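In the two assemblies presented below, chain A is common to both, partnered first by chain B and then by chain C.
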Partner chain A sequence: MAKLRDFRIALLFILPALIGLVVFSLVPTIRGIYLSFTEYSILGEPTWIGLDNYTAVFKDDLFWNAMAVTLQYVAINIVFQTVIALGLALLMHRVAKSTFIRGALLLPFLVANVIVALLWFWMLDYQIGIVNEFISWLGLPRVAFFGSEQWAIPTIAFVNVWRHMGYTALLIFAGLQAIPRHVYEVASLDGASPTRTFWSITMPLLRPVLVLVLVVTVIGSFQVFDTVAVTTQGGPVNATRVIQMYIYQKAFGESDFGYASALSVILFVILALVAFVQMKFLKGNESDLD
Partner chain B sequence: MTTQTLPTRKALDWHRIGAWAVIAVALAVTIFPFLWMLRTALSSNHSLASNSANLLPADFSWGAFKRVFGMQTTEEAIAEGGSGAAIDFWLYLRNSILFSTVTTAGQVLFSAMAAYAFARLRWPGRDAVFSVFLATMMIPGIFTALPNFLMVKNLGLLNTFAGLTLPYLFMSAFAIFFLRQFLLSMSREVEEAAMLDGAKHGRIFFQIVLPNAAAPVATLALLTFIGQWNEYFWPLLVGNDESIRVLTVGLSVFKSQSPQGAPDWSGLMAATIVAAVPILILFLAFGKKVVNSIGFSGIK
Partner chain C sequence: MKKSLGAVAAAAAIAISLSACGGGSTSTEAKGEINYWLWDANQLPAYQQCADDFTKANPDIKVKVTQRGWGDYWTTLTNGFVAGNAPDVFADHLSKYPELAAKKQLLTLDDAVAKDHVDLSIYNKGLADLWVGQDGKRYGLPKDWDTVGLFYNKAMTDAAGITPEQMAKLDWNPQDGGSYEKAIAHLTVDKNGKRGDEAGFDKNNVAVYGLGLESSGSGQGQTQWSFLTATTGWTHTDKNPWGTKFNYDDPRFQDTINWWAGLADKGYMPKLETTVGASMQDNFGAGKAAINTAGDWTIGQYTSYKGIETGIAPTPTGPNGKRASMFNGLADSIWAGTKNPAASVKWVEYLASSACQDVVAAKGVVFPAIKSSTDKAAAAFKAKGVDVTPFTQQVEDGTTFLFPIADKAAKVDGIMNPAMDAVVSGKAPASSLTQANEKVNALFK
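Let's turn to the complex of A and B:
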């Protein structure tokens, strides 16, 4: 009897969250998978077409272009962001633990993507942006950061490195704080050089945190949209049509919800694989501290 | 408080100086764009072009802010390089405040209730249900956004406040996880004593658990609020109508209304300041809490 009562109380406590889970996560997930096997233009009813969307995706040059562009973005974004953040975290850990400095480095992360994108869109303007003014003051040719096919993706990647580096540094910093001090003391007594200490102690002990940070940032990076949407909108030509932009345009530009759903199923599968591979091969859930 | 973590050589420590120099550069790179934002917003568009490298406002003017709040006539706005289209950031500001406050309040309260059920009550299937919640953290936003958009559209809720807020209102898996972890680490003694005195779960939750968990709940609420304030994709899909537009969507519309030729940069930067300032104020007031809460559990 008491158990049944407990169950009823638990149900009461969990009911709102459960409604949210079922209505806005589980049902849409199933519906999204279903729609990916249909042709659906919002008007009328979805028509079942089996695997047609998927076979079309694999023959779609724009899809492969979107994947290539997205991968290029992820690679530039993640490599620079992680290396810079790791460097900053080590420096903060070593010399500057003040909350003020950490707070200041966090500022860009607190501001919306849209704001950060517009700000840099202005600062990187070809004609009168301050960055190009500086470049031409140095005597170098101006760069069409958002306007050239070659520069657009690196530019967008760097804008987001700027937004995320402080936040990522704080995550890594928290991981560094958790490494027990006595490990360093032993290393120093043994006469290990700072380089040796870094590679043999800091990195292995930091690895679980780094893997977690990588999984989270890579998954976020694959879903880049806001920055592209307010700056290049996919252009010039197809240079910045990242996968989420392509899905958005298919669904809301061309009203092709079936195809857009198939694309998002593929994105979902890719993200799950990426997370799995990272956890598996970088052994993110094991610590070396035993 | 020890001053050094690593044993370092004394005397003139070039490593240390180098480290500080790098930190100073990182700070400068972080802060400068914000100053540039302010400088641009306080200049007029005409002088921006002629004094593009001037570090101070080219010619001090509040025109851009007036334009953003719809306090200029169309002629004035066009004369100063604006598009002349009606723009009212007061309305967007109000919508953003309403949207972020309501979704944060609902999400944090309902997630805390769920966390209580997961951490304190025993019921069949508890752990299985919890792992389903956790699993939803893996689903990319766009994947559920399409079907959710269709549902909201079919219910006739496009461009309504309900359509905008409902998907966020009931829970976030991260919030449940975050609060459950905290509750598991919190002592139950007071709760058990209250239980022996015959207190009901509802009372225990609202009068003991919530007050005791005030610090993590506040941190979570702050992080959630900032996230909601910055949300763009969903509001773009369902809330593009003027009356329901939030700041992020308003900003992108403002940008796309740029007149032929040069965009209204000072207006645009004034608008981004309007959108960023509330968050910066919150951060100045409670920043320490946020900064120190970022770590393992703060991964989001």
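Let's turn to the complex of A and C:
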């Protein structure tokens, strides 16, 4: 009896989250999978067309372009973001102990994504942006940060690194604090150099946190959209047409909701695989402390 | 309008399971509140005035006017159609209404026009016909129109020794660009003060571009290149409206684009990659370009930059000896799902009458569709010190051509936008547009 009552109370607490999950995640996901097998222009009824959307996707040059562009973005974004965040976390842990400085690192993350994108969009403008004014004052040629095909993706990746590095550093910093002090004391008694301590103690013990951070940031990175939407909108030509932007354009621009759903399902499968591989091979759910 | 989260969630769940059900009571009497949307913030005060006047004359009907920026306008509208809370009446665009009509989202106005004896001859020529769909039914009543012209920085033309009379008489051809290119070259100045047509001009260090660049213009090039291509005899489609075959493979079109994109190579126009960011207008305001080609709806913005005296000239004459300008006409349409069709029809008829269009004209922001109101708008601009003849003369001289109306406009745009970007940025030759044209025409098979 007591167990059943516990269960009821537990259910009561879970219910709000459960409703949210079912209404905003589960039902739309299932409906999205269904729509990916249809031709659907949102006004009117979906018509079942089987696998046609999927076969079309694999023959679609713009889809493969979107995948390549997205991967390029994820690679630049994750590598820089993780390395910088790790460095910042170490600084926060060992050097910068003032709450003010630690708080300041988080400031970019507190600004809304769209605002950050617009801010950099203006500062990096070719003709009247402050960064290019400075570059040309130095006597160097101006750079079309958002306008050139070579620079657009690195620029967008940089903007998001700038916004997220403080937050990522905070997560890693929490992981650093969880490493017991006595392990370091033993290391220093054994005469280990700081480099050796970092690679042999800090990194292995930080691994579960790093894996979690990587899973979350890689998935978030694949879903880059807002920065592209308010700056380049997929251009120049197709250089920044990341997969989410392409999905958005197909659905809301060209009213091709069936095709866009198929693209979304493919992205969903890719992300599920990425998360699975990361958890499996980096052993994110085990700690070396035991 | 406040709802609890539970109600919203339940509503969302119902909406998902039933997917867009219409229904509800439909009132046949002309009373109640109707919602009206438009996208241009500059015109909001004028239309609020119209709404107030309308309610004064019809106390039973209240009109709620909402303005949304162009960027969100169409997606919000589509969401509204699906969710069942779209505005009863909204400002509609020629590139959008064919798809909305095909999806049965627009109320036909033929019965109302016949019943209320709406006189369609009061509008500028061609505007009313633009809103008759492929099925022969009318989906909107004319609201306003626009043409294209040249805005130029008067201090720069004075310094270059080009008079307003010369600016008004430029000619162009796709081979050497005519006096239009000569003026552009002469107005271009590099960092050392050398002009574009002088020896020693450094095209990699340009301080002022002769011609501003907004974008590649996608498949329509309304303000970018259509005023040039049209003077070669080229048309976007096999017939207009409702063309089903596009002509982007035509040499006349490709030669024009080739010439235009070549200006960037010569250093007379910014490279396409440099235009992502600050708007073309703001670069003009910052003194980075001497001439910009733009539509008349930007008059207010171009004449408002502090410290810059803006001149306006008509588009250059082309190989056929005439000028050309795309003639775009907006209209007000009624959503098919309106709960209040009678009041909506009454409001649309009021918007399309001289009572409202004279109010809009008096504000001097845009040209109303009714001929007599157009004259009043020109007078209102004149009172502000702006001579709008370069825009109105295209209509008077009959040198306008209609905006290309075709089905699947969004998909055509999806193909042509990257294709044109590639050509204008110099990544692909103009002949690559032949391939894009094949893709576009395949949409109609």
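Note that the second predicted complex is superposed on the first by the 271 of 290 C-alpha atoms of A that agree within 3 Å, B and C clash if a C-alpha of one lies under 4 Å from a C-alpha of the other, contacts with A are read in each partner's own complex, and residues count from 1 in each chain.
The rule is simple: contacts are C-beta pairs under 8 Å (C-beta built on N, C-alpha and C of every residue); 3 or more make two chains touch, one makes a residue touch a chain.
This structure is a prediction, so every number in the text was calculated from the model and none was measured.
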item	value
Which of chain B and chain C A:F7 touches, first, second, both or neither	first
Touched partner set for A:L51, first chain B, second chain C, both or neither	neither
Touching partner for A:I19 - first (chain B), second (chain C), both, neither	both
Partner contacting more residues of chain A (chain B vs chain C)	B
Chain B versus chain C as contact partner of A:I42, first or second or both or neither	both
Contacts of A:R31 with chain B and chain C, given as first, second, both or neither	both
Touched partner set for A:S255, first chain B, second chain C, both or neither	second
Chain B versus chain C as contact partner of A:V277, first or second or both or neither	neither
Partner chain in contact with A:V83 - chain B first, chain C second, else both or neither	neither
Which superposed partner A:V186 touches (first chain B, second chain C, both, neither)	neither
Set intersection of chain A contacts, chain C complex versus chain B complex	19-20, 23-24, 27-28, 31, 42, 121-122, 125, 127-129, 252
Residues of chain B that touch chain A when the two form their complex	5-7, 16, 19-20, 22-23, 26-27, 29-31, 33-34, 36-37, 40, 48-49, 52-53, 106, 110-111, 113-114, 116-118, 121-124, 126, 129, 132-133, 136, 138-144, 146-151, 153, 166-167, 169-171, 176, 201, 205, 226, 229-230, 232-233, 236-237, 247-248, 251-252, 255, 262, 265, 268-269, 272, 275-276, 279-280, 283, 287-288, 290-292, 294-296, 298-300
Contact footprint of chain C on chain A as seen in their complex	19-20, 23-24, 27-28, 31, 41-45, 121-122, 124-129, 141-142, 144, 146-149, 152, 231-232, 234-238, 249, 252-256
Residues of chain A that touch chain B when the two form their complex	3, 6-7, 9-11, 13-14, 16-21, 23-29, 31-32, 35, 42, 87-88, 91-96, 99, 101-108, 110-115, 118-123, 125, 127-130, 133-134, 137, 162, 165-167, 170-171, 174-175, 177-178, 181, 184-185, 188, 194, 197, 209, 212-213, 216, 219, 222-223, 225-226, 229-230, 244, 247-248, 251-252, 257, 260-261, 264-265, 267-268, 271-272, 275
Complex contact set, residues of chain C against chain A	9, 12-13, 16, 19-20, 75, 78, 81-82, 99, 103-105, 204, 270-278, 282-283, 286, 288, 410-411, 413-414, 417-418, 421-422, 425, 427
